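Shared between the two complexes below is chain A, which pairs with chain B and chain C, respectively.
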Partner chain A sequence: MNTWWLSNQILIQSTFISLLLALSIQVPLRAGVFSFAGVGSYAIGAYTAAILTIRYQVPGIVAIGAGVLLAAVVGYLLALLVARLAGLYLGMATISFALLLGVLATNGGDLTGGATGLYGAISTVTTEHVIAVAVVVMVLLAASERGAFGRKVDAVREDPQLAVSLGVNVIGVRRMVFVVSGALGACAGGMNSLLRTTVSPETVGFHLVVTALTMIIIGGALSWAGAAIGAVIFTWLPSLLHTVGEWQLLVYGLLVAFAAVYVPNGLLGLLQTGWRRLQRRGRRIPAEGAAAGTSVTAAQDPEQELAALGGPTGEARP
Partner chain B sequence: MAQDVLNALTLGSLYLLFALGMSLAWGTIGILNFAHGSIFMFAAFSAHLIVREVSLPIPAMILLGALVGAALSVLLQVLAFEPIQRRAKDHRKAELQILVGGIGIAIIPLAIAQRITKSVPFGYSNGAFSVSTYDLGFVRVSNIQLLILVTALGLAGLIGWWLRAARPGLALRAIGVDSEVATMMGVDRRRLALLTMAVAGGLAGLAGVLLTYYLGSIAPETGDAFLLKAFAAIILGGVGSILGVVVGAMVLAGIETVVLVTTDGSWTPAIAFGLIFLMLLVRPNGLFGRQEVRRT
Partner chain C sequence: MTTTQDRGASAAPAAGTTVLETVDVAVHYGGIKAVDGIDMKLETGRILGILGPNGSGKSTLLGAITRLVPLTRGRVLLDGEDYGRTPPSKLAHRGIARTFQTVRLLPDLPVLGNIQLGADLRLNRATRWRELVRRSVPESVTEAIERTGVGDVLDLLPGELSYGTARRVEIARALASRPRVLMLDEPTAGMNQPERLEVADLLRKLRDEGLTQLLVEHDVQMMVDTCDRLLAMNQGKHVAEGAPADVVRDPAVQEAYLGKRWNRAADQ
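Up next is the complex of A and B:
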């Protein structure tokens, strides 16, 4: 275990960093906001942390924290700017925001180190810190997916008009996901540049958008667990694909294409449907058990839950 | 100065050929194809593989590129986008899935081309065509530049006329406004979608071959860069508007050339992104886009 830990430290680190990055796109997606601003925030966090560490020798936690704060503020301002946009247009606007930051970094002169980037951002951040942060984030997100708040977010995604009519603050939720997404992305970026002690414009390009998106799609877009599954698969897949050698990228593309077309809810979606089917089969025999079974499935299915929220069936719920 | 204008027009024409098909598919059948850049590159690459064996004249090469592009695009529509549209619960989900599917599929041709070329740029050195330049005194024009200009503007005019005047064009625009009502009026949505994708892929393949002739050689990664430029051109002009794409592509190429000539060029990539962002903030429908008529 210990030797495994030491020899795979880099992969373990990148698993959790990719997880945070994937979450920065999954969180807006859960509220129906199609935003890639998390990738831009990754750049903000990465450069802020590196600059503060190299120039002012501040402790790692302060450097990352400053990046997170800055990205959260930028996320809020961006949310105000792009409030009119939705769907693909919002996606395009946020992609160009992220890529624009990459060009800015290339042209930043001494501050960002130009095309070569920055080197020597040495700090005391360790793998354990990264894991701790990721676990805290996952617990918080898991909590936000439950209860009244979780249902509110689901309502904003599935039917914003209905959500407004039910008194959900749709605009507020949308702004909040931009802020959260900014903070998560910056946290991932900051930790990555401090662990690798370097950052360059190449690390924040279009490929980052592709990576984060594929993780969420393969894992499942509706829950933090989906992002976690995707992050684990895509960080460890390259070492597993050793056998196919140079065709690695091809296998990767085929996997993503297949998942996007035929498994739209990701692996998590597959697991959930399978689990529900098992439960239903087990409880079909006694009459009372069948009723209990349906109420359990209703609690897990956001759509039925919404129907319950909006329709007269709401009163029938225990 | 005149030389810069000509170069900008040529670049704009290449952007136009590439973006025309994307805009057509996005504005009518609602498919934003992220694999368009890959199709463009792979068509040029296939032509490169063939010309290594047989020395072909330029019309054959262009035809070959267009055919490969159209075939790939139709294949993509049948294998990926049609199943997605059939299975997706609503329009918004389908849009997102088509985008992600396109990104995933785009990796496949890229991986094949990178593997075979080892990421070294490829060209048509064995082809039976050589670039010759004519000196007009104030400006130097090459035969390939003329070909690009004539093809791009001619095809844009043809497609614009077809959409406006021909019955299938009218049917296609009807799908863009409301696909359900169009189907009720007897429009065969599936057939027209396949036709649109074939035309889009064919234009991409054509643009790929012409670009390779123009630059001498291209790298497998060129498709991605063109994809982002095409977005800028489409969003600047307005999704679905043919005149919009023409103006968008020319304006983008014009600004890029100005920046390239006056500065050291490190800011050039920012222009496309900046234009997309600004246009979406100020005028999301683009310069010539129509008001969104879709109802939820």
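Up next is the complex of A and C:
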């Protein structure tokens, strides 16, 4: 265990950092907000942490915290700016926000180190810190998916007008989601800079949008657990896939296409459906009409049933 | 916050005082006058029905009253106070609950969760946290479930319900907020006759307990049986108003919508 831990430090770190980044996009999606601003916040966090530690010798935790705060504020302002946008247009606007920050980083002169970036962001941040932060975030998000708050967010996503009529401040929830997304993205970016001791425009580029989105689509967009599944798969998959060499990207592409078409709710969605059906089968006997109904659906749809019980899970982990 | 909650939950002024009022309300979409100059008074402890053929502007009027549709002209008053600039989400906190013309339940949430959504705005911080630890359901939710008779389907998802049951779940969700004004947009659409009678019965019972209601329907028999007062609309305009039997007999109403045969319904 210990040797495994030591030899896989980098992968373990990236798993949790990717998870936080993926969550910064999953959180808005859960509220029906199609925003990639989390990737822009990743850049904000990454550069803020690096600049503060290199130039002002600020302790790592403080530097990351400053980035998180800054990105949360920027997230709030961005929410005001794009308040009238939704769907694809909101997605485009927030992608351009992320790209804009990349351009700023490249042209930031001495402050950002230009195209070469910044080096020597030495800090005391360790893998354990990253895991601790990720665990706290996961627990909080898991709580936010339950109870009254979870229902509120569900309502905002599924039917904003209904949510309003039920007394939910939809605009407030949307703004909050931008703030949380900003904080999560910046946290991921800040920790990444300090663990790698370096940041450059390349590390905060467009590929992060693709990575994060891929994790969410494969894992499942409607829960933190989906992002976690996605983060684990896509951090460890490359090391498993190195045998296929340059075909790696093709395998990625096929996986995403397959998931988008056949498993729209991600692996988590599959597990949940499967679990639900298993539960049902155990419980339902009484009301004759209802019981007959379930058994008919099950009988009509054996393929999906099998899939739900783990068929494609195997395919997704070649 | 507390004051609005108190007002919403318990205050039951003498029946007959005006709680909600519209003055010359109009909603125009370009050249289309969906609602055009409607004056309406909703009195406490009564059921006011809004009657009219399809496309007569009933639902738009309901949208305007609940602030989901912007007003082109006119004023909306709650307790005599203009709320035309109040954010629509605040209205629920002031005791107004509504259902929609189509079934609008959250598809991934079991029936119980959907009903709880109605009561969530009344939860305080402590109850919210408690619910995370153990499943606690507010009393208003159990009561709403009992009243609408949906206790058997609480674990099902909305997609697994019959249409009539789904509509009852929506009424339960609205009741769970313990509103003082309940607005129902065609609550019995898609229900069979026994189910309709059950709903009409429930609405009357709620009325007798003091719940003020605004009912939008085009099932004339149900309107005559259920409402204390009717307001008839056609093409966005006010056509007639008064006791249900009189409104249904009004020649202008009959011409707009009913046909002579409904005379009989009014006589019963």
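FYI, the second predicted complex is superposed on the first by the 285 of 318 C-alpha atoms of A that agree within 3 Å, B and C clash if a C-alpha of one lies under 4 Å from a C-alpha of the other, contacts with A are read in each partner's own complex, and residues count from 1 in each chain.
Everything below uses one rule, namely that a residue touches a chain if its C-beta (ideal position, glycine included) is under 8 Å from a C-beta of that chain, and two chains touch if they have at least 3 such contacts.
In this text, all values refer to a predicted model and were calculated from it rather than measured experimentally.
Visitor: Figure out whether A:G167 sits in contact with chain B (first) or chain C (second), or with both, or with neither.
Guide: second
Visitor: Going by the contact rule set out at the top, does A:A155 touch chain B (first), chain C (second), both, or neither?
Guide: second
Visitor: Between chain B and chain C, which one contacts more residues of chain A in the superposed model?
Guide: B
Visitor: Report for A:R146: first if it touches chain B alone, second if chain C alone, otherwise both or neither.
Guide: Touch status of A:R146: second partner only.
Visitor: Need the overlap of the two footprints on chain A, from chain B and from chain C, as residue ranges.
Guide: Dual-contact residues (chain A): 161.
Visitor: What residues on chain A touch chain C, complex-wise?
Guide: Residues in contact with chain C: 143, 146-149, 151-152, 154-155, 158-159, 161-170, 222, 287, 293.
Visitor: Residue numbers of chain C touching chain A in their complex, please.
Guide: Touching chain A: residues 66, 68, 87-93, 97-98, 100, 104, 106-109, 113, 116-118, 120-121, 123, 128, 131-132, 152, 160, 173, 177 of chain C.
Visitor: Spell out the residues on chain B that touch chain A in their complex, using ranges where they run on.
Guide: 32, 79-80, 83-84, 87-88, 92-93, 95-97, 99-101, 103-108, 110-112, 114-115, 224, 228, 231, 235, 266-267, 269-270, 272-274, 276-277, 280-281, 284, 296
Visitor: Would you mind writing out the residues of chain A in touch with chain B in their complex?
Guide: Against chain B, the touching part of chain A is residues 32, 34, 81-82, 84-85, 87-89, 91-93, 96-97, 99-100, 103-104, 106-107, 115, 161, 206, 210, 213-214, 217, 246-247, 249-250, 252-262, 264.
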